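Chain naming follows the written order as A, B, C and D, and within any one chain the residues start at number 1.
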Amino acid sequence: MTSTAPTREQTTDRQLLEHYIATCSNWGRWGDDDEIGTLNLVGAEQITRAAALVTQGKSFSLSLPYDQTGPQPGGFRSNPQLLVTASGSDHVSGAQDPLPGGFGPAQGFGFSDDVLVMPTQCGTQWDSLSHIFWEGRMYNGRSAGDVTSRGAAHNGIEHWTGRMVMPAVLIDIARHRGVVSLAPGEAIGPDEIDDYLQAHDVDLQPGSAILIRTGFMNERRGRWGDYAGGDAPGLSLHMAPWLHDREVAAIATDTWGVEVRPNEIGYFQPLHIVALVHGGLAFGEMFDLDALADDCADDGIVEVMLVASPLPLTGASGAPVSALALK
Amino acid sequence: MTSTAPTREQTTDRQLLEHYIATCSNWGRWGDDDEIGTLNLVGAEQITRAAALVTQGKSFSLSLPYDQTGPQPGGFRSNPQLLVTASGSDHVSGAQDPLPGGFGPAQGFGFSDDVLVMPTQCGTQWDSLSHIFWEGRMYNGRSAGDVTSRGAAHNGIEHWTGRMVMPAVLIDIARHRGVVSLAPGEAIGPDEIDDYLQAHDVDLQPGSAILIRTGFMNERRGRWGDYAGGDAPGLSLHMAPWLHDREVAAIATDTWGVEVRPNEIGYFQPLHIVALVHGGLAFGEMFDLDALADDCADDGIVEVMLVASPLPLTGASGAPVSALALK
Amino acid sequence: MTSTAPTREQTTDRQLLEHYIATCSNWGRWGDDDEIGTLNLVGAEQITRAAALVTQGKSFSLSLPYDQTGPQPGGFRSNPQLLVTASGSDHVSGAQDPLPGGFGPAQGFGFSDDVLVMPTQCGTQWDSLSHIFWEGRMYNGRSAGDVTSRGAAHNGIEHWTGRMVMPAVLIDIARHRGVVSLAPGEAIGPDEIDDYLQAHDVDLQPGSAILIRTGFMNERRGRWGDYAGGDAPGLSLHMAPWLHDREVAAIATDTWGVEVRPNEIGYFQPLHIVALVHGGLAFGEMFDLDALADDCADDGIVEVMLVASPLPLTGASGAPVSALALK
Amino acid sequence: MTSTAPTREQTTDRQLLEHYIATCSNWGRWGDDDEIGTLNLVGAEQITRAAALVTQGKSFSLSLPYDQTGPQPGGFRSNPQLLVTASGSDHVSGAQDPLPGGFGPAQGFGFSDDVLVMPTQCGTQWDSLSHIFWEGRMYNGRSAGDVTSRGAAHNGIEHWTGRMVMPAVLIDIARHRGVVSLAPGEAIGPDEIDDYLQAHDVDLQPGSAILIRTGFMNERRGRWGDYAGGDAPGLSLHMAPWLHDREVAAIATDTWGVEVRPNEIGYFQPLHIVALVHGGLAFGEMFDLDALADDCADDGIVEVMLVASPLPLTGASGAPVSALALK
């Protein structure tokens, strides 16, 4: 889409991107009709292995509150809004007598009700495999044109509902480096991940999730600024082969977009292009890993059962999730 | 609120309701500040016991799709609506170049985005302890006036996020009776539940959930009619002491309101008044238990790990949930 | 888009459609940048002429209430929903003390507030010139691709805001025929309009609006059924040349889609294709003409000042309007 | 609501407020059932007098665009959002074939559609007589409790639809003072208005509207900051008797709340309390008077026909409006 001849550097970037695409693609690997990508790596064995990690009876929520305190700065994506359609104030002021819906006199009964309005990508969420396109295609080679104003006819988030149960490893890079938070622009590469896993004596099995904590949510919590959409620490593009080779089923971070921003090459969100569009990898964003990380630092146990099934929003680009880590 | 003298039957209904309230109340049991009710019954022991039930690596989603095919007939509560704010059509037609948000030329990158609009009570959901009032009060004696147009200052659904992990028993009354579905108005009482548990050799422990299948969702699926809001099979009011004595932590059914409709006494949703408002019991509604029930009929195992943490919607009357049963 | 050879009748339909398009098009007539179509026909002269029609000081609202009693059956378009974000119940129950927004103690002050959610096409509204496409193009030859998930970059309804002031004639076909309502499928052609104008001694001037009453809203009011989207009486496709030659600036009817349904030829809404897409004519739909019509029957005066400026919804496919007829 | 004894100044403020309430109230003036307040002052005479002001055929829109560029800073009230449900991108990419709704093959036809989400008070709007309460009451003595989560059972904005047609005077205080804009906190009192009217040779008749331009919208346009909700120039509380005596039917300003902020006495929005709650006066807010003001400065004619009927949003606290000034 650029009319000028590519410079030497752009040529290199493009070649690099295409190399990663070629070597990390899972298109066709699980059949031409596949719509779940790396969740194919999670089966009965992974689920039972995950459950076996629950030995202490601890549960950690990994989801930010969905409300007006959320991280969005406004504009394209707003924070969740709860609109109350029946209130306790109505009840105590007598306005719910009779009850609506033909239910008759209230006789002491009252109720509240509300409507949720939220962008699916505004807080803690999984990207669906219909969220990102590359040159007119999404995961498994389907046309981006399958995602219209009516939603995604294929690769929608609903295909992952019921499936997000697997062993996961908390990879606390911030603590590993001894910092409160990595800085925007700081990338995390495969060597550092390997080093962390070795230090924590973790043998990462295929079909696992990795939960990568940069500390950036901790630093920005409540003073979000450009947290959601701005520069951020995150995964290097060069993680792509590692994620593919290790058969990672899902990745989640405490940042808005998983990968480091600004991007390392002259393409927007290249790790999404390689690992999500071509690899079919589940990307989880704005996961709140702080409470879990504190506990892992305390007991030294970084392997957990992740249960993080997205809401079955038919045809959606992503979905909010009440994600749990169980130990 | 009725100006005529109560009839003999009304007097009896009122006395019965007050008797159940008096004997089944948990107000103050877990402190005056408590906002989680029977979820206090679920601790580390229940979580590890639940995880130990996962031996086969099976996962069942108990949530209906959140979309326009949902059970609502329109009116007060609509079905979930997904509004697309960026589409693959835009991408393929070149309308996403440059990218919004100052992200520059698309160079092959594209994305979809969407906004969810849904009543929190329109599909599979947990009622919060701020959803129902009785004579100006909600669970633990708090004023209904705490629930305003800004949401619930207390007892909102967010207090249950991270906590809905426990052992659960699938109680398939429809199969137990040998019918496709119980009929509207048919009540389920404690003797039948006991009989079922005995037949399936289940020793129900405190802090467990029970998932009661009437078959009514199965019968109405896709031809909903008045499924959501009309007459329905369900729990008898007389389940209240049993639920209290057995220390049930949560109950979910495949109907819109857990309890039988029409109600058995002259008060609206009396089991909600007794068990939810006074008992602080978690009510799950419109849970899709059919696939799980088929599997339980196959392998004879009705005890599962329930993981059903509601979305953390601050101050909400309830929340959608991606509920899972793991075996 | 059909792969079979066209039948004789289809060929004729297509030829007819193309003939009307060729002879009734205003593309380029007011410059290549024009985005207002036939509103170019309304200038200072038309506005003053319209105002001169106001001799009795009567005002008639032509807009249906925007609320849940509206004509939509649900599905793709819902009826308007008002979501209350601050209520008098809150005020009387003391929940508005202190005031939000840092405004301090209420000291007796209270307020209500609300949010409107409505499809722009769900009730009384003007279609914009970006609402309908023909073979990839909209009015004045612009690409339909200019209308993306972000709205219409061109031809949006906002271009008509401030301009919908002109003389208008109430053409009450139902009364003219002596029926309560024309039946679905009954078409109104140019001869009948001419006959009506002659009978009422109206000399229709260029730059006027015509308000055509079929009686169908009257018949269906409150028992809408398929009123919005189903079969309906309306204008014949063969009105196209008449509308063009008479230089009509705007047309509005008491039906959902102006033109007769089922359509007279094998193309969907062919009058929209000819008169809106190619003619740039303003189409007003679901205008409530009943009260005005009663008055016109009483005093015999059918010429009015129309003031019906649409809400300036940037980039919208249409807009609700509080339309007035003044006499 | 304050438990301490009032200070001398507070006593004075309260006494002043009560004095104005007592002398400026219209409760009961037009009957106990009245829901339209000062719009009772507008009848056939005012409408014809207004129309007679249209001599040049000019039309000025007084409404801000309803879109994301609006004046709201986010939070309690957001800016209008247009959510596209069918796009030209869909059409050109072939995704609208067949048409939805059972309308069959597209055969070249295409369409766009969208949904509007907006707080009724977020932009140019009329406050309804159910928008503001004083000590549990709204206009004409009705209980604030009539405004529940379901909307206003009385005094909703729909009662003004069809009625906002009257003579109006543009009172350009900014130009009168020779400043770009009055500063926040600067009040406009009756003497200045009288001086302006005399200078422009205007004999203000009962049942007219006054359009007061402070210049503040002009100064803040596009760099809104705290324009909507913060300190602002505006009307003095001491305008209340003048507005009442002159029988003003409606007032609109280019600020968010008509009256000066910070308020002149220790009560929040006291002019609303006196003139809107007790006087039943129509308050129009965030009216864009700049283009009209330029024209009035050019031709010296400040009397116009105002046509500004609010959308008939049943039970709403206010409504957006496409307001026109015609000359």
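In this text, contacts are C-beta pairs under 8 Å (C-beta built on N, C-alpha and C of every residue); 3 or more make two chains touch, one makes a residue touch a chain.
From a predicted model like this one, the values you see are computed outputs, not experimental measurements.
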Reference interface C-D: repeating pair among A-B, B-C or A-D with over half of contacts shared: A-B
Angle of the C-alpha superposing rotation, subunit A to subunit D, to the nearest 5 degrees: 180
Interface residue identity across copies subunit B, subunit C - same or different by half: same
Intercentroid distance (Cα basis), subunit D paired with subunit B, Å: 44
Where subunit D touches two or more other chains at once, by residue number: 75, 84-90, 92-93, 95, 100, 113, 115, 117, 145, 148-150
Contact set on subunit B toward subunit D in their complex: 83-85, 87-90, 92-93, 95, 115, 149
Subunit B - residues contacting subunit C, complex: 68, 74-75, 78, 81, 84-87, 89-90, 93-95, 100, 113, 117, 145, 148-150
Complex contact set, residues of subunit D against subunit C: 1-2, 43-48, 50-52, 54-61, 63-67, 69, 75-77, 80, 82, 84-89, 91-92, 97, 99-101, 103-121, 130-136, 138, 143-152, 158, 161-163, 165, 229, 266-269, 273, 305, 307, 309-317, 320-322, 324, 326
